[in-house]
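Order of writing sets the chain letters: A, B and C. Residues in each chain are counted from 1.
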Amino acid sequence: MSKDKFDYYIEGEKNKYEVIIGLEVHAQVSSNSKLFSGSATKFGAEPNSQVSLIDSAFPGMLPVINKECINQAIRTGLGLNAKINNNSVFDRKNYFYADLPQGYQISQYKNPIVGEGKVLLDMPYGSKEIGIERLHLEQDAGKSIHDMDPTSTYVDLNRSGIALMEIVSKPDLRSPDEVNAYIKKLRTIMRYLGTCDGNMQEGSLRADVNVSVRKVGDKKLGTRCEIKNVNSIKFMQMAIEYESNRQVEMLDEGKKIDQETRLFDTKKNETRSMRSKEDAHDYRYFPDPDLLPLKIEQKLIDDLKKTLPELPDNKKERFINDYGLNSYEANVLVSEKDISDYYEEVAKLSDKKLAATWMMGDLFAMLNDKGLNISNSPISAKNFAELVRSIKSGEISGRIAKEVFEIMVESGENPKKIIETKGMKQQSDPKELEKIINEILTKNKDKVDQYKSGKEKLFGFFVGQVMKQSGGKANPQLTNEILKKLLKG
Amino acid sequence: MSIDKDKIKHISKLARISIDSKKSDLLAKDLTSIFKFIEQLNELNTDKVEPLSSILNTPLRSREDKIDDGKIREKILKNSPKNNEEFFVVPKVIE
Amino acid sequence: MSEIIKKDLSEIIELIKKKEIKSEELTNLYIDKVNKSKKLNSYITTCFENAIQKAKEFDRKPNINSLLPGIPLAVKDLFCTDGFKTTAGSKMLKNFIPKYESTITENLWKEGAILLGKLNCDEYAMGSSNETSYFGNVINPIAENTVPGGSSGGSASALAANLTPATIGTDTGGSIRQPASFTGTVGLKPTYGLCSRWGIVAFASSLDQAGPMTKSVKDCSIMLEAMAGFDKKDSTSIEKKKENYSKNLKTDIKGLKIGIPKEYRVENMPKEIDELWNKGKNILKDLGADIIDISLPHTKYALPTYYIVAPAEASSNLARYDGVKYGYRSSKGNDLIEMYENTRSEGFGDEVKRRILIGTYVLSSGYYDAYYLKAQKVRQLIKKDFDENFGKVDAILTPSTPSSAFKIGEKTNDPISMYLNDIFTVPVNLAGLPAISVPAGLDKKGYPLGLQLIGKTLDEQNILNVAYAFEKNCNFKNEIKNWWL
């Protein structure tokens, strides 16, 4: 559904409103060990098996920062076209909860590692720039499990201490669709960089959504409410719709919006206020005295920049300008680094446009069907390129190519071999084709007469017969040409 | 600044320490005199002074991204007042 | 035989090396005296079985090349010792047995020392008289009913009473130096970052330092050598080459410049303290040092600064004591929040609660700038005072404490008067500098008083030398009669 104009507004009883959205995305850093301890970070491990004395805050434990987590944050900042701060500070955010063993979270408050940046969204109504306010590193908390026992909560600290990047956007988003595009873009960039796997089901990516509304034309921002910990894009969109409508209703009734934190109830599809509001936000931030200020040398930033892979925006431009793909095709093929890598390999060895078509059609359909990622594709990029070449050269017809494709999926074999062995080469010799066509026409004289007297539909019948006779190998274009010629005469 | 019982109540809630009424009176008195003492600092003009960010002049040291810890569940849970073999167990938060 | 435990650590080490005494014998001597000295209440936990076993192991295969060969030592109950209770003087950790060893104690055991027991201290190191411990007051062996100082009161008391040949404490605002002064012993707080904080129950992270407490300066240098060293598990640990403090100890201090800060001459300073300070000045002068008057203009603001910074950090460091992972958990409470509130109310003593509340307050919304940020700025000024003067002098001489040991209960009703005990020691922690307290004389009551030498960053050797020279020429004798036996 393509729209040329942005049109997400809310018609209240009295006024038309626009929705202002800011996102705080929490992305788990891809690293072997945690931010301040040497415990593993793999998802799905036995409860409390990836927990060290530091993670569980035993007396006398001290944090030591993981070099790779710093690098990952810098890489992400570079991918967001953001300023990397040479000096940053780790602060303690103090509050009490069962899955926060220290009684504080090590985070960054006034001096984050990354400053302002931007992300480009591809919307149907044009390209839109979303500002990034900052990115900082912080510890993740553990997990509290409330539903395994009626009176107790079970606490698993595996996740406690894993490095998170908190990416704060400017309040530049204006619709659930833009939120969808933004999250997907962030995810793609981080997956390209290898800094976060973006797996929302495993909790690698979560967001707090800040929503406010204002009358169209107003310059001042309205009071915002924060919806915490939404862990799927669909829920984010639903939460935004509900919340913005709620606020519009209140404003049109002359009521004031309270600035508060809310939760999205996924069963009732509505947001509700979090009960314990008082003192909830006095985190008493202060610089962590167990850590010194973080200094990042310009050399490190430059070195990391040199080793960054080509990012989706640049790759997309190159696909359009150099490869002749259209915007839609380019978008799809850069959406995942694995896909673009595969495509690049195929495109190097065959027709770029045809390769794109066949990848987006048959290959993706097959992978989808089998629930596979392109990295697990039964058809290698090299072989796929060969197939595309065979089609382009006319060696096989498109129809036959589909058969060859199926065989390649099952056997993983090289298409040339399959074509040879099964004799699937396209019959493109006009003389041979004429022979076959004449045979068909002779055999079906009555139908020829009918065709000549006006039953044009029978053309398809003749084509079908030629295909049948040739075992599907007749070159369809030539067949059409020759048939037409012979039927005229 | 004078610290009254209300302030004590507020702060002790933040610090998750329950203070009974009698103790609260005494604490209010103690804290008031302590705060009077520490407010001597207001005699100094520190507008142009940088806060001490750390005693040491060296930058933060980092470590390699190696897995060299964890896998000590028994050790981790052994000291807890209440646990089963896999989790820490605490009373539920009443939402 | 019991005369042996009256000797200095260095002498005892020689006896072990010369095989004139076995480790097991030595250990039993201490065990015997400790068992007879329960009145002093300096030990919380004794580790005698383990000590004898380790002593026997040492005797079977003695390694005399280590710094502390077969020497039994008790340590402040703030150091986590693997398999042995570590209580921090608190009900909160009264049954806590860590499964890990602090870096500092590990360093001692690596040098051949043996764990004798865990020494009493003010709860979570918060106090100046060892009257806040859950395990009861510690008595100063110099006289009945007197405080040993704090927070390393148990350490100082045990040391002075010869219940351990040497020991270690921690110093956040004076907790090694002040009890050293009160008990007539030597106590050193190293440069911040010289000794690792890993495995020490944290009080105030930017101020805490572990340090040796001994009967002589030479002993102190041996202990420091065994303790100090870079620890990669502590991000605030300094990377530097190890020094041979004891080997390099010398008494020649000719030409050394000793600063006398005028601001330490406080209002109503007892005459005896002033006289002792003068005595110290003169001894050093006679040894060839230059005495120079200096000014540390922000001295009087050190104590208020300390009582903002230390409680703030403590309020955060003690948040982990919530009854979830280890330690005490209240049986009262219908939900998580009530469990927290009751656990922390029942598990912490009054002084700890007071400081947590102060700390929470000075960090809280609306007050951070006026208190915590302000304190960090003043801290910068205090550090600058020292930095500027260390361009002119090599060490600074001051009294260690504004009085000698007071009576139990004398200051417990007024927190401020208790805090004033640390008036001379606190500036040093704020600046992260090394300082040593050496016993210098007795007051009218016959109670010991100490003098403090403050040094430049990482200049421990220098202040040890000055202290060594002073000690040799001061001829202080601790007059402790075993009245409690």
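Following the convention adopted for this analysis, a residue touches a chain if its C-beta (ideal position, glycine included) is under 8 Å from a C-beta of that chain, and two chains touch if they have at least 3 such contacts.
This is a predicted model, so every value here is computed, not measured.
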Centroid-based (C-alpha) most distant chain relative to chain B: A
Using the mean of all protein Cα atoms as the middle point, what chain has its own Cα mean nearest that point? B
Would you kindly tell me how far, in whole Å, the mean C-alpha position of chain C lies from that of chain A? 58
For chain B and chain C, what's the span in angstrom between their mean Cα positions? 23
Chain centres from averaged Cα atoms put chain A and chain B apart, in whole Å, by 41
Find every residue in chain A that makes contact with two or more other chains and list them. 53, 56, 58, 64-65, 96, 98, 153, 155, 282, 284, 289, 291-292
For chain B, which residues are shared contacts with two or more other chains? 14, 16, 53-54, 56, 58, 60-61, 63, 75-76, 79, 88, 90-93
Mind pulling the residue numbers of chain C that touch at least two other chains? 96, 206, 232, 235-236, 315, 319, 322, 324-326, 336-337, 340, 360, 364
Going by the contact rule set out above, which residues of chain B touch chain C in the complex? 3, 7-8, 11-12, 14-19, 27, 30-31, 33-35, 37-44, 46, 49-56, 58, 60-61, 63, 75-76, 78-82, 88, 90-94
Help me check something: in the complex, which residues belonging to chain A touch chain C? 53, 56-65, 92, 94, 96, 98, 101-104, 153, 155, 281-282, 284-286, 289-292
Can you name the residues of chain C that touch chain A in the complex? 80, 86, 88, 93, 96, 98, 100, 102, 197-202, 204-206, 232-236, 312-313, 315-316, 318-320, 322, 324-326, 336-337, 340, 360, 363-365, 368, 372
Please name which positions on chain C make contact with chain B in the complex. 96-97, 99, 192-193, 206, 232, 235-236, 238-239, 298, 300-301, 303-305, 307-308, 315, 319, 322-329, 333-342, 344-345, 348, 353-354, 356-358, 360-361, 364, 371, 373-381, 383, 415-416, 419, 431-432
Touching residues (chain side chain A, partner chain B) in the complex: 31-33, 37-40, 46-56, 58, 64-70, 89, 96, 98, 144-146, 149, 151-157, 275, 279, 282, 284, 287, 289, 291-295
